[in-house]
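In what comes next, subunit A is part of two complexes: it sits with subunit B in the first one and with subunit C in the second one.
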Partner chain A sequence: MKKKIVAMLLVVSLAVSGLVGCGSSTTTGTAGKTNVEVPTEPFGDTIKYDPVVEINDGKDITIELWEWGSDDLFQQVIDGYTAIHPNVTIKLVNNPWEDYWTKLPLSLNGQNGPAIFNVHNSYHENLINYMAPLEIPLEDLQADFTGVDAHVIDGEVYYIDYGMMTGTVYYNKEMWAAAGLTEEDIPKTWDEMREVAKKLTIKDGDRLIQAGLNFNDDFHQNYLLGLNYQLGTNLFLEDGRTPNVNSEAMKQVMQMLVDMYEVDGIGSKDFGEKGADSFGQGQSAMVIQWGHYYNTLQTTWSNIDFGVFEIPTFDENPYAYNRYNGESTFGVNKNAPADQQAVAQDFIKYFLANDEIQIEFNLAMSTFPAKKSLADNEKILENPSLAVLAEHIDRYIWPGSMPSTMETSLKKAGQDIFYNGVDIDTALNEAQENIIRDMENSTFTSVENLYAHAE
Partner chain B sequence: MKRKINSIILNVVLILVGIITVYPFVWMVCSSFKQNSEIMALEQHLLPQVFTIDNYINMNERFNFLRFFANSLFVTIAITILVAYTSTICGFVLSKYKFKGRNLLFGFVLATMMIPWCVTIIPKYTMIQEFGWMDSYKALIIPAMFSGFGIFNMKQHIATLPDEILEAARIDGANEYYIFHRIVLPMAKNGIFSIAIFQFLWSWEDYLWPYLVINTKEKQLLAVGLKMFNGQYSTDYGALFAATAISIIPVLVIYLIFQKQFIAGIAASAVKG
Partner chain C sequence: MFKKSHPLQSKSEIILRNIVVIAMVIFFTVFLIIPIGIAFVGSFHEWNPLSGTYNFLGLKNYINVFSSELFWTSMLNTLIFSVVVIIFRVCLGLAIAYAIYSSIVKYKSFFRAVYYMPVVTPMVAVAFVWKFMYNPQLGTINQLLGLDINWLMNPKTALLAVMIMTIWKDFGYAVVMYMAGLYSLPTDALEAAKVDGASAWQTFRYITLPLLKPMTLFVIITSIISYIQAYVQILIMTEGGPGTTTYLASYIIYDEAFVKYNFGYASALSFVLFVITAVFTWLSFRVSGTKE
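Let's turn to the complex of A and B:
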């Protein structure tokens, strides 16, 4: 028995070290410190960071930074900051996306939570009570970044957006060429889009072989919650609390989606279960996806040769092009010791003033920079999913951190229409009632009225 | 003839069930040698069309796999040994000692098995914070030292041991310490192995609690590391499958070594003596 156990343990250790040994022994998964050029002069636009000013009186201090996502990206900011302030140690704690939102509030509730943490605005209500306001003057934030006003709570700002993510059209270049289409055919309006999609659709009799456009599984996020703005209608009524999802605009958008599949035949609810996957699988010629899809295409679907264009509109001068959502800056833990909070505040100032870091973060997330001075940055415009947004970026609306019922109720409405034969009016009225009921206890108020071109 | 036909049918059914059970595992291992685009492709093949070991190579870039693996092994072995020991000693006391409140105590142990973990996790978290055990293996090992299932199982198992043997040992002058360690423990070997395998598996797979209490990357466990492949917008399936394929090796080895004792232990504890 002992021999058997020893033999088995040897097998395990050999197998593990053999398989893992295939990997580079120099990469340990811990992002190592890189050589960083230490600035000596103040930098930034209105928000200026002065590297000469000591932090924590030069005394050693350690804080934690919690985040999800790429260690390397965050380590890069930390390395830059700690090169200026060698007395500061920032311990990076990486988390899986889903469970971060369980662990973070638990930890912030106690004395030992992280001094600084990554924020996503969809969890605003769970986190805001643990956050300290930013110490950067509001007018400085407003001068350098767009969308700051939407984050003001009683005159204070707890986090802002460093980047804006929205939907663009991704098209398969091979299919495009095979259909005899050129760059000249890139549609500007929905009517043109439908015509192009018809040309990209391939059928064998009644059987769909290739969809011109696929919006399965994400029509609620990428069409219903955004195209209403093109028609001059907000998602919420003037009180900012009452949903407006059974509006004439929403009905028009929904009708267009139904007609695309049932009249034009450019796709089908039964063809390609998920539009995003179907495009990657070479089944569908076009999809509308948000910025993160650009990265997914680079990593998962690297064999697809794709192009990007801006979302079409119903007419030439829309009220707005689409909805956007912000990628948020860090939050400061108000329960952390004062000296740690001071470092956290200083770290955020460094993050906001540093253009290189802003560019890196926006490229990594495929978000358009909220920092005004970077709107025409060369590196940003090299990313096609961002370049197509540049011209009209001020024509996108953030409605605020909407409760999830907005998405789930509209998804159900769409499914009822496509799969259960429910008429559009009934389905959207039901969604409206659901959302009103679900939002009874929500503190959400829309910030659509803060849109720069609000009428 | 009829018996032979029944036997063939039974075997065919068992083979089919076996294939259905094992196929996802085989698919996962095969997929760990595929590119992500092939894993997600519309047309699926069991074997990789383009064979790659990049997933195993890239896996280490995401996290320090060997470190996580060693951490998991240490914590799992520590918990397994402790649970096997505490379960056996509690099972021995509850099955062989007669004292007032024994059944009440046993009922209390059983009740602990019926409380969902999600009810206790927040008070447990708060206690660990108060004790100052956060980011320490004490937070993983100490609360897991006693297992209601283990105690229940070992009580059932030890109850099957003849009282006469224990009485004979007492008459020969053996004290209770000696009886437990030299007589009960060896005789309960099969039951202990079955508890050990269950506990090993549960501890090895445990994700949420280690994730909640451990922050330092160097102390983190493998189950938490595996979750890191699930991103906000996408999942690196290739690397996830590669890491999972390696991570299940210890569990397989433990089962292969102890499978006879495991089956015997489960069978024995199912029969009340």
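Let's turn to the complex of A and C:
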């Protein structure tokens, strides 16, 4: 009898542990809820939010909001919204990034998916079929936010960008000073950048001790897919579908990277596995990284005293400075019950109209606000990685939600050039062929033609 | 005294048997046969379950697989990887198992546990540790050997580095298998060899090794199946690089399915790999002269 009981307990415990193991998502409660000031007057620019208007006729309703990180930030928005609408309960569900993009589309395809969810535009093709269009008038969105046109699909908008992220140069201030450099030496052009990098490079004979500039493992994201714009060349041809990665501009950028390491000797393909880590570990004096790196430095490598400056250019007045990518607003699940969708739509309106939340989100992600009225906001400009973008923010291009093959194929091409001895023409031609093959079934079309200064 | 009843004589035993058999049939049907069937049908489609795309393509995915240069490169890499790792796994495993089995070694359980520890350690954890050990500036391997090699990004050493890590992690499996085989050897054959004056080498070469043939075959076949599916170490240590130098067949499947969401092409690759695995397993039986 005793054995049977033990066996039963084992079976039950195994079943329970098995079920627990099925999912790793966590639901955040409202235990940490702080006192929130409840607005009584309508707020916002063109998109206005009126807190007096009831939602769901004042009846209790519960919805889920799915995201992959930054729980406190999302909870802050939820707390603000539910303080206005105490009849609404929003359960915050966190799934790790790796699981999120598998679980979310499958969940949205069913009956019990979240009413509202965080979006990353790199997964656009997997999500768009499950999304309901925003009910905010298009002209209102266009009036308040930049880059809206690039998100219009058949006259509807499903999500927009609340912030724009791009690359800037991070430099180690101690190394900068040790090399005898001052603020006056901050380079504006690539030629100046290479000269500065030479001064920041330290060698012991042939052995590199400190790299002036390190782009290992991220050259494809931070250089190849962006500097082409400085030379007036888009990533896609006029049809918006054919990649243009074996262009003369791309070859020129690639050649410059090779020369930086092999001619200037300001770094090495074998020094510092990843440029970002190498800078954080105090091995490299400069890196070009995107906005999120600002927060990474402050949290992971807080001992590094760093400064930021805008990415150099080939000419004084480039066609564009670089590529940017948008941090997206939430999506609404079109398969959710109508009352839940109504709450989700209202929640997004609250999010877009609320300047404080927009500032909080942009600072947390180190993105430049897409909301036009916040472009010169003091809090935003206190962040150096955003301040350096302010002057030319209209000179950055979003090519659209590019398929991942654009990055992976160019990474392979770069590795072939640096490590496998393949010549630039051959490697970029191969990348071009790979991308064309991978995009055969893709619905992607570039929106480079929507760039404000498009020629 | 307890009297053993005839198998399945009692009604309760028959019920239990039926429950167990039905449970197993349901389990394998739901988690194995149906998914394999879905993947097989999917291999003839342009298929992305996340966006809901499902368009019939006929044999196009299979044609693309065989016309892909990357597929053949990865197959060659998989062949090199599997052959080298299996040879070292079998030889090291047999040598160390025989050493532990011999009368001169004490604390046999201790050594058996030590060699088996890497086997039960998750591949993800091991791969991360070895990746750090291979770091050209900070890694212990370069520091200990006084070298300056970028192990994982040098096309001449990248696959070798991954193979060394895999051998270290996996040879303990062969040690334990061979020890089980050695302890089950018929003592009369070994004693007869001793009486006949056979040397230690002759005993090993002509008695022990032939008797361990079924275990060797088992280790080789399970290794073939395991290494044709290897991708975790590649994913963590090299991501197939530099370029495509360390792409293994299973890594392409991962890349196509979970990076590009090209499930149709990934399914076609999986079935090609399934056939290749079956052929190699059959060949192993043929070469060893064992049909069962």
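Criterion: the second predicted complex is superposed on the first by the 424 of 455 C-alpha atoms of A that agree within 3 Å, B and C clash if a C-alpha of one lies under 4 Å from a C-alpha of the other, contacts with A are read in each partner's own complex, and residues count from 1 in each chain.
We take it that contacts are C-beta pairs under 8 Å (C-beta built on N, C-alpha and C of every residue); 3 or more make two chains touch, one makes a residue touch a chain.
Remember, it's a predicted structure, so these values are computed and weren't measured experimentally.
Once the two complexes are laid over each other on the shared chain, residue contacts for A:L106 go to subunit B and to subunit C alike. After overlaying the two complexes on the shared chain, residue contacts for A:V93 are found with subunit B alone; subunit C is out of touch. In the superposed model, A:N295 makes contact with subunit B only, not with subunit C.
By the touch criterion defined above, A:Q283 reaches both subunit B and subunit C. When the shared chain is aligned, subunit B comes close enough to touch A:W68, but subunit C does not. The wider contact with subunit A, measured as residues touched, comes from B rather than the other of subunit B and subunit C. Look at A:Q415: by the touch rule set out above, it reaches subunit C but stays clear of subunit B. Of the two partner chains, subunit B is the only one that A:N303 touches; subunit C does not reach it.
Applying the stated contact rule after C-alpha superposition, one finds that A:K371 touches neither subunit B nor subunit C.
With the contact threshold set out at the top, residues 102, 106, 281, 283 of subunit A are in contact with subunit B in one structure and with subunit C in the other. Across the complex, subunit A is touched by residues 36-37, 40-42, 53, 56-67, 69, 122, 125-126, 129, 134, 208, 211-212, 215-217, 224, 227-228, 230-234, 236, 242, 246, 249-250, 253, 256-257 of subunit B.
Within the complex formed with subunit B, the residues of subunit A that make contact are 4-5, 8-9, 11-12, 15-17, 19-20, 22-24, 27-30, 64, 68-69, 91-99, 102-103, 106, 110-112, 277, 280-283, 292-293, 295-296, 299-303.
Only residues 46, 48-53, 135-138, 148, 150, 153-155, 240-245, 255, 258-262 of subunit C touch subunit A when the two sit together in their complex. By the touch rule above, subunit A contacts subunit C in their complex via residues 101-102, 105-106, 109, 125-126, 128-129, 207, 269-273, 281, 283, 403-405, 408, 411-412, 415-416, 418-420, 422, 438, 441.
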